[in-house]
Amino acid sequence: MSGDRRQARVELTIPFHDVDMMGVAWHGHYARYFELAREAVLNQIGFGYKTMRDTGYAWPIIDFQVRYRHALHHEQKVLVSARIGDYENHLCIEYEIRDAASNQRLTTAQTRQVAVDMATGEICLASPQALLDRMVGL
Amino acid sequence: MSGDRRQARVELTIPFHDVDMMGVAWHGHYARYFELAREAVLNQIGFGYKTMRDTGYAWPIIDFQVRYRHALHHEQKVLVSARIGDYENHLCIEYEIRDAASNQRLTTAQTRQVAVDMATGEICLASPQALLDRMVGL
Amino acid sequence: MSGDRRQARVELTIPFHDVDMMGVAWHGHYARYFELAREAVLNQIGFGYKTMRDTGYAWPIIDFQVRYRHALHHEQKVLVSARIGDYENHLCIEYEIRDAASNQRLTTAQTRQVAVDMATGEICLASPQALLDRMVGL
Amino acid sequence: MSGDRRQARVELTIPFHDVDMMGVAWHGHYARYFELAREAVLNQIGFGYKTMRDTGYAWPIIDFQVRYRHALHHEQKVLVSARIGDYENHLCIEYEIRDAASNQRLTTAQTRQVAVDMATGEICLASPQALLDRMVGL
């Protein structure tokens, strides 16, 4: 974490309501875990949801990929990290979930978002200046 | 159902992702089941979400009560009904979940909503005319 | 909190995925918030999910009531507390959600659980000794 | 659909609770939509959850990819289809969401599951006979 402002990490404990009949976190809940980390990293660079809207763009997720390497169990403490990757044309964020105790890597994922001009509804082929400005020097 | 426009019913099958480690639908998911039936009955009387907004009011739920009488199981087929009760000051809706095969009553619930004037943000002490009009003769 | 082991509190920030088109947390998501606090208080008294199972009982929620007093907004920081109330025949837990900054009370709720003997499937009219033991002196 | 038993389709209407502040279905909810179609196709070939367990295997999802091509809106009626692809080593299922009225393709996705022997906990390098048997002639 040391000084890498492109990355943020949240800790969470897998709650009862996320665990399925097989005794593991249902795969569809992970999107919430990743979003907690994504909100953290985007707020960290000053580009959270409110800023996105205020600068005139929506940033829908257009691609989402998850690789479930090891199951998550009830009451397991995990660390979810999000790291901003490419941002010049799309906004790509990469995620990892690790066991908080052992640091074992359990899950990897990525999302890709694209800027949509809220005035015209058009998809931007290059990321707006508002994002580029926030990435300078990071 | 015959002609009772105050009531609507939806059928659903309990999916894998709603079932917890005890093998039954987690209690927090029922709010979604009730909402499917609520949307059905409100659309039936011509007072769905879009109409609510277009007539200038939000209708937040201010009270929610559920009585879980019998568990719901994976792949169980159930009928969820919603029936409009009092509507003059609040909008009260009562719900039942029944087993589709045996008709056994499994769950009862109710929600209470109140009109909020979207222009002023104020809570209405009486239901707006837009709702009263739709209840005439029902 | 000082020494009251019957009560536990968790802090959370309302995430994007819990907020609806009206800009507030959808009422059905609150059951997750309450469960986080319930798991905390039950673990605190040594009566978490694993202990419940190991002592031979399931504890389904049979009644759930929520009073939504003020809306929760995106990125609002809130404190969710759970406090064990009556436990001799049922296990009743009372909840409050307060704004973390102002301490304003936003939501109140309660759940009622009943012990079910996992060997026989029968509902217990009195709470099992395993729970009573853990409440001694609290 | 005519006679293609490898494929199943479910219809659904996007409910209020799945729609976010941007007015579209939140991307993380789609996993539920796909699961409804997956359960349908697996039950259709006689290989639903109960059968999986009874034949001694768990089938966790190890990979999930979604391509969000067009947003889904509140009350939009959509068709979600699931089609079994490769099954000899992994169980791959491909999904499409289409608008029910226009048949426009809105979303594509795929999941990959692997058999885990529930007695030993070991991952199977080839799909168990129980699945192969059900695919004969399809």
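In this document, chain identifiers A, B, C and D correspond to the written order of the chains, with residue numbering beginning at 1 in each.
Here is the rule we use: a contact is a pair of C-beta atoms (placed from the backbone, for glycine too) under 8 Å apart; a residue touches a chain by one contact, two chains touch by 3 or more.
These numbers were taken from a predicted model, which means no experiment stands behind them.
**Student:** If you take the chains that touch chain C and keep only those that also touch chain D, what is left?
**Tutor:** Looking at chain D and chain C together, the chains touching each of them are A, B.
**Student:** Farthest chain from chain B, comparing Cα centres?
**Tutor:** A
**Student:** Round to the nearest whole Å and give the separation of the Cα centres of chain B and chain C.
**Tutor:** Comparing mean C-alpha positions, chain C is 24 Å from chain B.
**Student:** Determine the centre-to-centre distance between chain A and chain C, using the mean Cα coordinates as centres, and give it in whole Å.
**Tutor:** Centres of chain A and chain C (C-alpha means) sit 29 Å apart.
**Student:** Distance-wise, how many Å sit between the C-alpha centres of chain A and chain B, to the nearest whole number?
**Tutor:** 34
**Student:** Mark out which residues of chain B touch at least two other chains, giving numbers and ranges.
**Tutor:** Those would be 16-17, 21, 28, 31-32, 35, 49, 74.
**Student:** Show me the residue ranges of chain D that touch chain C in the complex, using the header's touch definition.
**Tutor:** 16-17, 19-21, 23, 26, 28, 74
**Student:** Which chain B residues qualify as touching chain C in the complex?
**Tutor:** By the definition above, chain B touches chain C via 21-22, 24, 27-28, 31-32, 35, 49, 58, 60-69, 71.
**Student:** Chain A touches which residues of chain C in the complex?
**Tutor:** That would be residues 15-17, 31-32, 35-36, 39, 48-50, 74-75 of chain C.
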